[in-house]
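The data blocks that follow each hold one structure.
Look at the two complexes coming up: chain A is in both, with chain B in one and chain C in the other.
Now for the complex of A and B:
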């Protein structure tokens, strides 16, 4: 169990960042307009912006105030929101997933190819990063408040965290220190007294759902949850969590315990 | 918390009250199948309109406000244009009276529109849990973000 949690925490993606054609200085060699990085699945793309802009920012024709404001990513022409964990976005936008047996569909190095864009007119669905890192932190905090409310019926547990505890919680994400993260996370959960499960589902037709799933004493499986949303899991309609195709008879509370993301939600991608 | 049924029941009265608000240039009650939405446009300054919506937050089970800022400009040929304005927290607080409220940007999963949301996690602590006249107590507090003199209208 602990090993699996650790693997989820350390899960990573190979990402190629290419400057968008609309902002790159003409005749820039490929090596100067492209940057290969490894991002953690359980992190936010916005947290990588300073390093990316530092690396590629000398080769753009635009002037920019800071590494957050007016920047965004696109994948295959589709704007990529920064406010969801990287792994969820990857699973939704382009995953060729591994099965629960660990067998890979493809032996090639999987690369998520993103375009780095800049402009004062944001594409639909992209949250303007007007407050930089502070905004990322605030957004994450509010996601946890919501998750805490869903889990416990009130947001008191997170609202009553001490400032040092809350800062340690955030810093654990930045410094990637899992024990600190788990220590604070455990204060937000009440084992066996969970009221509802914070779950978000991205369906195959790109609908984004946040169902209310009661945590009954009776076992509730992923199949039950999907059925409650009229989603039929089958060969070409699989449930993917943390990049893994999940069997529909898995207990939803166990899945939450193992695979919930850094913002307190369990994300299920159907594709 | 306020049930969705109570929210839908109390909102028409609030719509009437808000339509008396001198800052509101448009007030429209939209009755959706589940929750009702109150749309209010208000001219904040000569070149700024605030588009705000009151709707129901199904997670926290309380009323909720989201808003957008539209900046108006006249070009050289006197054609009026509008664009959405996204400001930092400090800039936003210089325009509206957020005080201890916190807001965050989020995008509507369906329309992909980006709105400022007033955060709802402590709504009950702010207005109490008694369902009767809940929405009246709520607007008397939360709409002061946009008009600190609003309470005079509610007397």
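Now for the complex of A and C:
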């Protein structure tokens, strides 16, 4: 159990960041406009912006105020939101190799190829990141408040956290110190008294759903949850959590316990 | 604060549901465009009282009125047809119906001001359940003539702007109303 949690926490993605053609200085060699990094699945893309902009920012034709404002990523021409954990975005937008589990293809290095863009006008679908790290933190905090409300019927538990506890919670994401994260997270959960499960589902047709899943029933499986949402799991319509294809008879409370993301929600991608 | 993002003032497009459009645009805006948008927004929300029996299936006042009307007429046919069908077929039809109905259902929102910001009349509005929370934030900005507004649910948290209002209502409603508080500054940090 602990080992699994640790693996989820350390799960990573290989990402190639390329400067968008519209902002790159002409004739920049490939090595100067491309950056390869390992991004943690349980983190936010926006947290990597300063490092990326520091590396690639010398080769852009635009002037920029700071490494957050007016920057965004695109994958395959589609803007990538910053407010969801990286792993979920990757599973939803890209991950195709989960289909070939056990095959030789799996040995191939899987790379998430993102374009780094900059502009005064954000494309539709992107929440403007105007306030840098503070905005990321605020957003994350309110996601947790929402998750806490769903879990316990009120946001009391998170509101009554002391300031040092809350700061340690946020810092655990920055410094990647899992014990600190778990310590505070446990204060927000009440085992056996959970009211509802915070779960978000991204369906194949790109709808984003947040069903109300009561936790008081004896056992509720992933299959039950999907059935309640009129989603049929089959060969080409599978549930992916943390990059793994999940059996539909798994207990949803266990799944939440093991695989919930850093914003308090369990993300299920259907594809 | 996510719900306090700078919302576009120059958008004249009323079909905001189609995508998460939270660009930072500032600029001039023609009075005509403004009026059009305002009237569209007013159409979107309606008084909770008296209208609830009007039948959500027949009446749809959301931005994509035309297509929804088509759907609704189709939908009411399906309802009558499905009742006489054998169980297997009707279950398939009913899931399609449910989808269609879902897109037309309206939910009640109770709007509560925090601080010096004016109270919006009516206090309880109805909004299509399939809209994103962004639509409500935009409506409030326009109605209150503010550039930014901070919205909270149950005086506790700010939802993501792309969250579905129907899902929020189902999860956080109190007496069948989703309580949305709004404020000019950060109220629940």
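As a working rule, the second predicted complex is superposed on the first by the 261 of 271 C-alpha atoms of A that agree within 3 Å, B and C clash if a C-alpha of one lies under 4 Å from a C-alpha of the other, contacts with A are read in each partner's own complex, and residues count from 1 in each chain.
FYI, contacts are C-beta pairs under 8 Å (C-beta built on N, C-alpha and C of every residue); 3 or more make two chains touch, one makes a residue touch a chain.
Everything numeric in this text was worked out from a predicted model, so none of it was measured.
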Fit or clash between chain C and chain B when superposed on chain A: clash
First, second, both or neither for A:128, with chain B first and chain C second: both
Which superposed partner A:26 touches (first chain B, second chain C, both, neither): neither
First, second, both or neither for A:210, with chain B first and chain C second: both
Partner chain(s) touched by A:77 [first = chain B, second = chain C, both, neither]: neither
Partner chain(s) touched by A:164 [first = chain B, second = chain C, both, neither]: neither
Touching partner for A:145 - first (chain B), second (chain C), both, neither: both
Which superposed partner A:191 touches (first chain B, second chain C, both, neither): neither
Touching both chain C and chain B, counted on chain A across the two superposed complexes: 81, 83, 122, 124-128, 130, 135, 138-139, 142, 145-146, 149-150, 155, 159, 208, 210, 212
Touch list for chain C against partner chain A, complex: 1-2, 5-6, 19-25, 95, 98-99, 153-154, 156-164, 167-168, 170-172, 189
Complex contacts: residues of chain A adjacent to chain B: 81, 83, 122, 124-128, 130-131, 134-135, 138-139, 142, 145-146, 149-150, 155, 159, 207-208, 210, 212
Touching residues (chain side chain B, partner chain A) in the complex: 58-60, 86-89, 91, 102, 104-107, 109, 112-114, 119, 121-122
Parts of chain A lying in touch with chain C, wherever the complex brings them together: 81, 83, 120-128, 130, 135, 138-139, 142-143, 145-146, 149-150, 154-155, 159, 196, 208-212, 230
